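Chain nomenclature is as follows: A, B, C and D, assigned in order of appearance, with residue numbering initiated at 1 for each chain independently.
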């Protein structure tokens, strides 16, 4: 347990090292004559560190004199936000990994030609650094159940799913494989279906939507301080949020079951209400699960339900939300209107121009990866429940040419978190017996 | 082999992470109200990365607006130059490690009071991050001989010896333990004797001084291009360099044997000359060793000689060059005059004032760690062979309160290397069989 | 002529010096103990220079070590964009000047209390620096007519009118005073009426709207390359732009006459058309003026027309567009809807919050000063002619507490221009007789 | 009086503007394609401002994105330290001014070729900006005596004398011209003789060395607090300082008279002592002067003495301390050994290499301009009185190719002062009658 939260098998360190090797080689190239003609103002490849460190979000590097290189604006992203992480999680084998790394765009020349990791020559050495990390990590739960823990692209800025290599390894080893797609289903599930499944050719059979009564009450208008009090009325209001997630998931042709993740403050009346509403409004089953307290025993009913759905004849074919050949802006529009129920997508002329450039450069066929708040279907974190008719503004777009998607940033999205006033590190220590304390 | 050059057991990653956790916590402390009153201009704790990256030598951090903190001048050292690495290598157990980390000075307040890692509260969590790395790594050579590979403080700026924990573990397991102290013996051996042995209570029995005929010819005036040609005359001139290393080492009360590390271009006449001169001028044995080509077989004669010296009655007691209670500046003078044969040590008034401050703050008893070129006994890398009467200028001094030594920087010493025009990374790759190529 | 374009009477130098004295005193205050508790991240007072220098738009200052102060993000505005310039142009006398300077907000504390120029103690010395510059400069035209040339706040970011002291001096000396309000009348005239006249208690009697046939054809859809060709149809289309300016100006209760500023490429048919349309659509007179070629003789007809209007009974009272007591956001809305014909004004929550803070701090009564492109009635420079129904987005707001207005920045507004590829300076020189060449 | 301390005739503003025009044009050149191949790390032309502002000593400029140019390390010098000021003061006419400006070196290319102001094309426009300022300013003293006040190169870093144009104008208008050369005579007089007189072909007839009893007592070991107490013994000790200045000045072949600048605390015994010692030890006259209290009346005796010396037959020819053809390092040595009585001049290999580069580039014949503390004959400000046998270290050297001298920086020399804790500006204001108060 602690190992996973500390260095684990060193995968993140390896990804950080590969990322920063490329960073160092870019500046080194500029330093030694800059044969590729890189415009030092247009180096888009930042640096990475596996630490929440707001001080490194924006820096000026190469200060201190001629021998330290050409000063420029730079910054660090948290390792999970690195395109290396996204590539690592989407690559099918080491050769594919190296090829994708080589395609990553790191800078532009003065006349705005892209410069890639391959141009710098860093991809082979990066692959060597990632070689061992690329093997999926098989761990066991407290009950001895096997699980792969491998890769973790930042859902804020990337696709947020674990590695294709872990999922395909699991599929080769087990009859049923459960995987997780983080954030709200409008983000996590959509990216899993439209990016990971599309790239890896995966066909999911069932979707388990995990809901909590507290979250639904919050969507129903209850303040944080009052979430522990029973409030079936608010729950009924907030159910609209879950209802939309169910509708959305079904649009991919995947059958749905809801897992009600029980908290100690949830009351029977509230649990009943969720089960009832799921049945009545959506024609689906919601199953109470108590795994937090009871382990796998607490999800037995859910497991049988999933097995039942797996055996049932499939009602619809799995489908992506949009075809690869659709235009990039139209892809964002499709997601926004179909899943978020936005009335429109807006973007400055400069953003639209950038998308057109990506298409002209041959990247029109890649999926889009939307960076949006997970707190709302809209781009406004305060618009709870099931908002409609809102406008989704695209603030900026980035091409992840190695990961093969275009990131559409909608709102203020953080690539590097900061520490809170009292960081957890202040509570982590070795106890008198040399055991780790304070690591949750 | 490759593993040691790549991530190995992750020790360097752990040290980097511990170092940067402290960095992030310092800036975070300032950000959230700065209760300790840290003067942001006087944060001396830099950041660390295990990468040769000249662009990060000097940066301005916390740019980009209010939420990114207070801009300040910062920079990255290479991980091996981190005081965490020095502390890691000198600590006797985890409790000592944590205590030393806590004592490290990271900043000063506006009125110049020191702020420590302990004040920031980072030491316990750093110790947790270092917990597994702190166990020595036992590896085997190509012939299956056991070896500990553990820790590597930058000899440029720190004491340059492997960990105390590895050495004491080895001493508990074997009759004879061989350890290495890098750079010239004026630096490596001196620091091993005066810092590591002093701190860890070690008493070395024999010193093996490794010499190459090429280096001695270079000290004798031969240019790089001509080192492969036989030149006994130059060798005899350059022998003065080896002679002084032998004299120096004996000043610590340790018997000496010379290992002549054979190169393919060395001629018999040259080998003969070294052996003869060592005998005639120093009364010591020089043994030809061919381990580069032949493995341990090539050092058999040396091994027997070492064993013989171990069994012989000891002629002198092991002694440090200076007592702990000597003044800091006097310690530098003692080393400079006794080993480097300098006529004087100079330092600006500000440097002398700083040393006086260290003494007033209770750090007068710690050893000094000299940062000097390894290419000469003097501070001038071009002064070959055995220069005398030169002046050693102390440019700046740093207190490593956790490692418990004062670094005296003499000349331009690099804490962060840069990559060459053609970095090795350009040659490292996976071959068609997935094996690593190009890693030497 | 050249003098006005060079150092003239040194007014701009004096304003620059006063501005930068305050800048230096702010950083000096922080350096010497920071008694006021200024948050170095929240210093809003930038530096000023009377030079187009894009390199100084954003800088990091106070680098290079402890004795150079606390590093922070800073930048230079062009002198005319300094609030000192705006204050200088609105002050009624030296005492008022000093009082206004003292009220300027330069920074905030950590807990976001405003820090003023008065808190820093710089206002008296700044006033001394501005003392001589504050006297209006009386110059003569090539024909010997008197003119005051005094002050020039950047219309991009400030109110764009010459000094109150010059205007009131002129009013005391002449029967009729002509003053200029730059940019489009939607910006220049509005600010003259709502800011300068309001503050100085001025009541304008007649407005002369200067129009060019080329500009109207451009608003009618003609490209730059074709502006020299006769095109009455386009002119008729583009007349809608002039028509709106006439309508807008009349909303202030001021009678209007149009000056058609003749270019050599204008044709008789085009001139006829403008005169006819002005008469037919607006019931006003447009007078052909040829002063560019013929001097004051070319505006004789216009002058008589103005005199006629001055003598005519006034049809409406002069009025401001909005009362001082209206809310700040509502003031922007009023201007946007009434003059620009926008359908709505948008602003982020943070902008609205800032406006509410200004009102809470007692600045609700000041006028608003809109920073918007002069190329369109809307915020989109490409929306020519007379657009309606557009949305005016407020990007940010600043309080000029000394000038006593709130700047509402709508779109990308530059506070510091850059030089073009071939700067005019490359053509300016002394000729063989020591006369200046190349200064237009 | 006040005018001279404020904007005066705007000369400094003009010099600042000319300086910064060049700065802006350099960065603009790099921005627009950088045809000259300037290495942005090697731009040596800093910016200038006429303000004590430590925050601007070192900055990073061109931050904030692509459209603001290429980030680089930059900084501001105080205007008087600008090479434009030095050039302005040494130029003989406008054509010479323009030619010298054009020769100033502003940067280097990647392969270290110099780039000049002329290459940038800025010299003609700079000359236009300086045109009016170049005319000497004739002012009158409180008693109505004429004086030229024109130019003021920073004695810290430049030659510290007023303009050649003012001096030659004065020589054309009066029988006797008195000029001032600031700092100690080891700096001010030496530079006047060796730089200004050499360049302008001036031959000085008499040197008046101004001494104060307080300063001599300080050189004799009296602390600041005790300077007001009579102390003839200390005065006699400290007289060695004055004695050396007299000796030094005579080495240029110029007769000497001493002006004793009376302070109210000086006692008769002290005055007597100085007069006596000057006579006995140096064979020269010291004249008590009371001009501070009594105006020109107080220097009448001195004036007659000077007139007497002017009429006396000249004992020696005026001579420079070294010939133009001497090597640059040797020039520094000559000054250091002859005037400062140093035993040696030291310089790093890099400094010597730089001097050799200047000589190779054809600048061997120019004079050297030593930047050294004015508080001592040595580079150590604390070495009072008449130190001998000290070592003068050259820290760095700069070529002022327009001014035509090489600056040798010995010690920490400031190019931009900072404000004190209580800046004078805090006391400067307009009084109730609009008169300036607090400007001394």
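One rule holds for everything that comes next: contacts are C-beta pairs under 8 Å (C-beta built on N, C-alpha and C of every residue); 3 or more make two chains touch, one makes a residue touch a chain.
Since this is a predicted model, take the numbers as computed values, not measurements.
S.K.: Please report the smallest number of touch steps linking subunit B to subunit D.
M.R.: Step count on the best path from subunit B to subunit D: 2.
S.K.: Spell out the chains that contact subunit A while also contacting subunit C.
M.R.: Intersection of subunit A and subunit C contact lists gives B, D.
S.K.: Which integer distance in Å separates the CA centroid of subunit A from that of subunit B?
M.R.: Using C-alpha averages as centres, the distance is 43 Å.
S.K.: Based only on mean CA positions, could you tell me how far subunit B sits from subunit C in angstrom?
M.R.: Each chain reduced to its C-alpha mean, subunit B and subunit C end up 65 Å apart.
S.K.: Could you say which residues in subunit D touch two or more other chains, in rising order?
M.R.: 33, 60, 63-64, 69, 73
S.K.: In the complex formed with subunit C, which residues of subunit D make contact?
M.R.: Where subunit D meets subunit C, its residues are 6-7, 10, 13-14, 17, 20-21, 23-25, 27-28, 31-33, 47, 49-64, 67-69, 73-75, 94, 98, 121-122, 124-125, 127-129, 131-132, 418-419, 421, 423, 425-426, 428-430, 434, 436, 439.
S.K.: Provide the residue numbers of subunit A that touch subunit D in the complex, in ascending order.
M.R.: 33, 39-42, 60, 63, 65-66, 69-73, 110
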